[in-house]
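One chain, subunit A, appears in both complexes that follow, with subunit B as partner in the first and subunit C in the second.
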Partner chain A sequence: MAARGPPGARGMGNRFAQFKLVLLGESAVGKSSIVLRFVKDQFDSYRESTIGAAFLTQTISLDETTTVKFEIWDTAGQERYKSLAPMYYRNANCAVVVYDITQASSLDKAKAWVKELQRQANENIIIALAGNKLDLVTDEPDKRAITAEEAESYANEAGLLFFETSAKTAENVAELFTAIAKRLPLDQSPRLGGRGERVTLAPESANTEAGGPCAC
Partner chain B sequence: MDSLSDTIWDVVICGTGLQQSLLALALSRSGKNILHIDPNEYYGGPEAAFSLQEAESWVATLSDPTNQNNAGNGGVFRAASITKPEATSPALKFSRSYSLALSPQLIHSRSELLAQLVSSRAHRQIDFLAVGAFFIFKAPEDLDHKAVLTRIPSTREDVFLSKAIPVKAKRGLMKFLKFVVDYDSEPQTEAWQPHADAPLTEFLRKEFTMEAELQTYIVTLTLSLDGRISTRDGLAIIHRHLSSMGVFGPGFTAIYPKWGGISEIAQVACRACAVGGAVYMLGTGIKSMQTGYSAEMELELELTNGVTVKTRRLVQTDEPASEKVVVSRLVSIIDSPLNSLFAAVVEGAQKPAVAVIAFPSGSLKTSAGKTWEFPVYVFAHSSDTGECPVGQSILYLTTPSITGSKEVLEQAVQSFLDAVSGEQVPHGVYQLYYEHLGGPAGSRTEGQVFKFPAASPSLSFNDSTLKVVREAWKEVLNEAATGADYMAFPDREGAVYDEEMYD
Partner chain C sequence: MEMDTDTDSAPPTMQPPPPPLPPRPPRRSPSVSLGLASPGDALGSLLQLQVAPATTAVSSIDISTLSFPDGSRGTFSRAASRTTTRAASTTASGYATPTHDTLGALGALPARANLADGSDSMSLMSFAPTLRPPGDLASLVAGELNRKSPAWMLLRSQSATVQPFETSVERGPSTTSALAGFESEFDDIPDRSAVTADEDRLALWKAKLKHYMILSSAGKPIYSRHGDLGLVNSYMGIVQTIISFYEGAQNPLLGFTAGNARFVIATEGPLYLVAISRLGESDAQLRSQLDALYMQILSTLTLPTLQNIFVHRPSTDLRKPLEGTESLLSSLADSFTRGSPSALLGALECLRLRKSQRHSINNAFLKLRGDRLLYGLIVAGGKLVSVIRPRKHSLHPSDLQLIFNMLFTSGGIRAGGGENWIPLCLPAFNNRGYLYMYVSFFGDEGFPGSPGSARNKPAAPREGAEQPHPPSSPLSSQRGQPEQAEEDEIAIILISTDKESFFELKEMRDSVAHQLAKNGSLAIIKEAVRSGRPSVAAIAPGAQISHFLYKSRANVQFCMASLDQPAFGSGSTISSKTVTRRRLMSLYHELHASMHAKHSHLKVLHCVGDAAASLAWITPVFEFYCVAGPNISRALVTQGANKIIQWARREEERLFIIGGGVF
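Let's turn to the complex of A and B:
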């Protein structure tokens, strides 16, 4: 409930857009930790592997009048759950593909996910590549297995947003999601602003009552 | 990581069609060990929705006699083919901008399915769209006239205002609509029960002195595939239709989920079960089964990927019943948005994304010149459904499958396009044809194996589907199934919803 703006937040001239985001990447690269940092501003060093998938939401303000809500699908990275991914990236507007900058193989896996997204997901999907665990190399640069230059040049080539992040220190986590939000076509949000053409599954009489005295 | 073979699964669910997926949703908070597999490489089984590329490989797979996976659809499809007129195919867009539904169904607002989606919180992931007007195709009276589509009035006010119905006929229709409101209580039951098994059309003629045209209006609202629905079934469906009107907003009686209809519900249900910890494997079916393997009577299943798993229960789909219904379906992509079909029926109502058009029995002819004795139903979907790009639309046609069905459906597309268009007649730029088998059947239990009936090719969602899902749920949970908490879940932690933002 904390993320909810004041009731009057969506007044005249305010924009509200909602997008579906999916996280993909090898097991133990920190997908869930990035989400936990973004959604609850917390970090847990001993987080257990995600089973199946998790669903969370977070709302951010791009500027005084623009609010973007992310519906986040955090998927399990383990191989046994790989059949799940198509259900999550189907109709997703954006994806964060995560790798671990201290594990060389995790970038290969990330590249495979990017390829699959570009082949199977929405034509206009926004993909961000996130090299996580930046905190691990701050004190021990030797731990780094993938240079920022290498990953960035790949990201540029493939048309991806790119950040090196640390879910532990929060470095670049908010920046990552803000950059995605800025690149999304806000006017094409499936649920932009008013009620649109979507049917709300509440009986019509209840809708009317909810309207209260302000029957506008 | 423990391997699939080391786990003793509480249930293995095979297939991701609607029934299996709803079972997965029902079990998603049960804490049971669930392995959910599908022999197909896609979700949704017989209710799947395909991109053009997926449709192509589906047709190729169905046409391949050596393919074992055809049983993955419960063997419910056959004779599939794709036609693309060369001159117009440049109009086709990117493969994934299409989502062609194999079994499009309307869901009436009063359907228990919607209540269950709300109580299980799965509805939050689905965008529901309004189903708008029902039209009747009227062939031209002579060569100087054009064929027209007449909207069926579906409320009493509508009937009153309609110019298409003669005043005299209105009286009979009004009387009937009033009768249906509580047709299932005394004294109405006395009027129809003696005719329960006779055709609805006969009942309408005898009891309400309705003429053929008005009978057609009523039968169309039932979406009866052969037009020969019984009085008992017909009255039940008309009652559902009328009582659903306006429940979620003015002017519409049914809804359709965006991005491929029932297929979207199946995927949302599977996702919910995955969040609950189930393991999902596509492209994996069951090769063989051994019962009574151990003292605990677990089943041993050899999967098509070579892995052998042990489970307490198996839930799968039965073969189509022997007294099966076969329908012919044609999906046609049109290079026009067909805007006139998707106008809001009532002022201030949601803009509908689906329109229903019926060619009454006898209004089409086969290529051999024989009168087509069945109705042809057309579901027109606008690009708001997310099933085609903006500027195009999709027609889903259905009629009983006998010799000549395909030609009749193709002819129906042309007659329909002629009737809705002005000077410029839109074109069908892509056509997918197939036959769909299904039929009346119940679930079966054989030892630890629960079998869902093959999905029916019905045009509107039938709540009896939910009954078998609940039976399966009981079977899996055993004594833990109390019933009170069936499909009733709180929102998951971490998800914040703020509906007022949409209102």
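Let's turn to the complex of A and C:
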């Protein structure tokens, strides 16, 4: 990955970085809801399944001078899309693997995704584990199928960031993405500010030649 | 002619149908039987109903020469003059159309009076020009059929304003029993719980007028529009048993009638698809609906995958591979149940634009085309605006129907608010492989002026994350809201065979969007969407027609009049609007079924019921269907129809996409 000098797109002393993020996890755990909360600050309880994958972007400020832009691939969780997943995580800088804290099996699926990412994705990929639907257990603790301790100890073991989130109440959603942004190697990220940003899905071309064909 | 749909002409459809009954002399003078809604008459006609329910007077005109609005003339082979009541024609054609009247005859007797009461097709007046020699359309129209006594003319002059379906609405629910309960047709059946007993849920399930079921030939349930599979499992078992019994006898079961419900079965490889309808659609219509559902399944899986699944394990539960597409099947099914002109005619609707405007959109689109693009579409409010395609390939309407359903009818993609990359199979294009579809909706929030800004749509600020850009306009938050809905959304759809081409197509989208915004096309599209479909009054001032469908056969596209008028429930509650529109669509379905019944060779069909008068007209160039108030004379209907058809021919290049942009 090319590290470029101090970015100038946002003025002197400001840092702007752009990262590719992919969401993975079993179907119906709330991947799209987390993204919708993060990107549009909305929630929709009757959301239909994602078909294929959705591409969204969101920009956050870490501090006065640092701006991070996420290019988010929100993938569909159904089994039949599994073979397409490598296309989305291939060049990802970070991944959020989501499970549903009320569904025991969804953590197993999440663990399988983590394994696959650690084996196949970018070596330096930052992975966060998110246990979603926290709102469901606040009123009815009986609904919880996976304890925070269990998931957290797994996350520590595997070297993942860990949050329990609720897309419905927005709890920990922004925190999740901020924590990821802080973990990312800001100075070494591909800097592709302005309007020339161009990250292709192709294996080699992306990120390695920042400012390639449409140099900023 | 008064013609009962006699029970003796009936029993089930698998037997060879008896020949149509000969015409009978009129029992009453037309002036009495037309039954203006005076109380005495209404009573009389109700009595009459008990005796002779549900006939629709159908006068068919077989014509040898037809003058087209453009002045040309077409000559058609002419069958001998004959009279067809629908009941007779449909059973005689071997097609066994379960329209309301035949249903009454086919079904059990006790159900009959109830069903017949006020069904749309009911007619109190029946006459047909059987005894007249077949003549020119004009002479028929101007003939003495319409000559009435002065008193009658006086009465009529006051009744011409009766809107279609007005009478059936006024008479209250008892006369609309064919659609009784249609308001709650789309309500969910509650989940199993302590509150709702299974019997109640079953009763709700049985009350639905339309069902679709899909099961594997091994009997595994795959999909049911209503009721969870636990509830309907045993019925699926019964259906499977019946179908496989006939399969075993090498004599596949295509359909049957039980009571007032028509069952139509389609066997597609390892799948059984079943439609159960009490809405009076014909077998052919139901079959094309099942075909669309099957196409949706193929679109998810592709044919080879589907076959492989069942070759290796015939008992596979297909629900898992199809997971997440139930909503697509249901929105497709519901569009059929609501009545979709597009599905009925097998045609698409385009956004009406000036030829030069469409041309400039096509050109911008073509010029910015990426190398890996297969098809490019711009769609607004569910109507096609522009298509670009390779010379060798055209897009099939059934494939477009699947795409439109995915984008506009089912809310999944629109609600996401991002750009989408969707692997899908377009079965009519190639049922063996996937294409990749890029979809992006143009939001309301100011069109992206530059490619970069298109994607920078930050949400409202969140704590812990300062907003680097000014917050987006308040409009952007409306985008995900359902009430904003399909009506005014503009989408761009770019299809490629290359699954890695997302960013290339995204770039193309940004430049097309930029170009369209710059040359004003986007504003033109928005304006055209906002102004909606034209009203009949705007098309043909003075015409007494309430609504029409016009299909250009060569272009496989259709146009229709605005539904936004009091006769079709504009301004009333949503549920009564749904019912009125279904009533209109049922009438169109009946017309369509009569025109397309095997061996019918009809060119023009004029029907008068007590709720509405209607006319269907088919030539090699177009199919035309229209509806008018029940008291509008045939002369007036014909006159109005001619005006509208002239308009459609004149506006052809605005109403339809002819060819599209080809590369």
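Throughout what follows, the second predicted complex is superposed on the first by the 182 of 216 C-alpha atoms of A that agree within 3 Å, B and C clash if a C-alpha of one lies under 4 Å from a C-alpha of the other, contacts with A are read in each partner's own complex, and residues count from 1 in each chain.
Everything below uses one rule, namely that contacts are C-beta pairs under 8 Å (C-beta built on N, C-alpha and C of every residue); 3 or more make two chains touch, one makes a residue touch a chain.
Just so we're clear, the structure is a prediction, and the values are computed from it rather than from any experiment.
In the superposition on chain A, A:S32 makes contact with subunit C only, while subunit B stays out of contact range. Within the superposed three-chain model, A:I60 lies in touch with subunit C and out of touch with subunit B [touch as defined at top]. In the superposition on chain A, A:M87 makes contact with both subunit B and subunit C. After overlaying the two complexes on the shared chain, residue contacts for A:Y154 are found with neither subunit B nor subunit C.
Of the two partner chains, subunit C is the only one touched by A:D44; subunit B is not. With both structures placed on the common chain, the touch criterion links A:A174 to subunit C but leaves subunit B unconnected.
Residue overlap on subunit A between the subunit B contacts of one complex and the subunit C contacts of the other covers 39-40, 51-59, 78, 80-81, 84, 87, 194-195, 197-202. Interface residues of subunit A facing subunit B in the complex, by the touch rule stated above, are 1-4, 7, 10, 16, 39-40, 51-59, 69, 73, 78, 80-81, 83-84, 86-88, 90-91, 120-123, 190-191, 194-204, 207, 210. The residues of subunit C lying in touch with subunit A in their complex are 300-301, 320-321, 323-325, 327-328, 406, 410-413, 415-424, 437, 450-452, 455-460, 462-469, 476-477, 480, 499-500, 502-503, 506-507.
By the touch criterion given at the top, residues 1, 4, 42-43, 94, 96-97, 114, 117-118, 123, 127-130, 246-250, 252, 255, 259, 267, 270-271, 273-283, 350-351, 353, 384, 386, 492, 494-503 of subunit B touch subunit A in their complex.
Interface residues of subunit A facing subunit C in the complex, by the touch rule stated above, are 27, 32, 35-36, 38-42, 44, 47-61, 67, 72, 74, 76, 78-81, 84, 87, 170, 173-175, 177-178, 194-195, 197-202.
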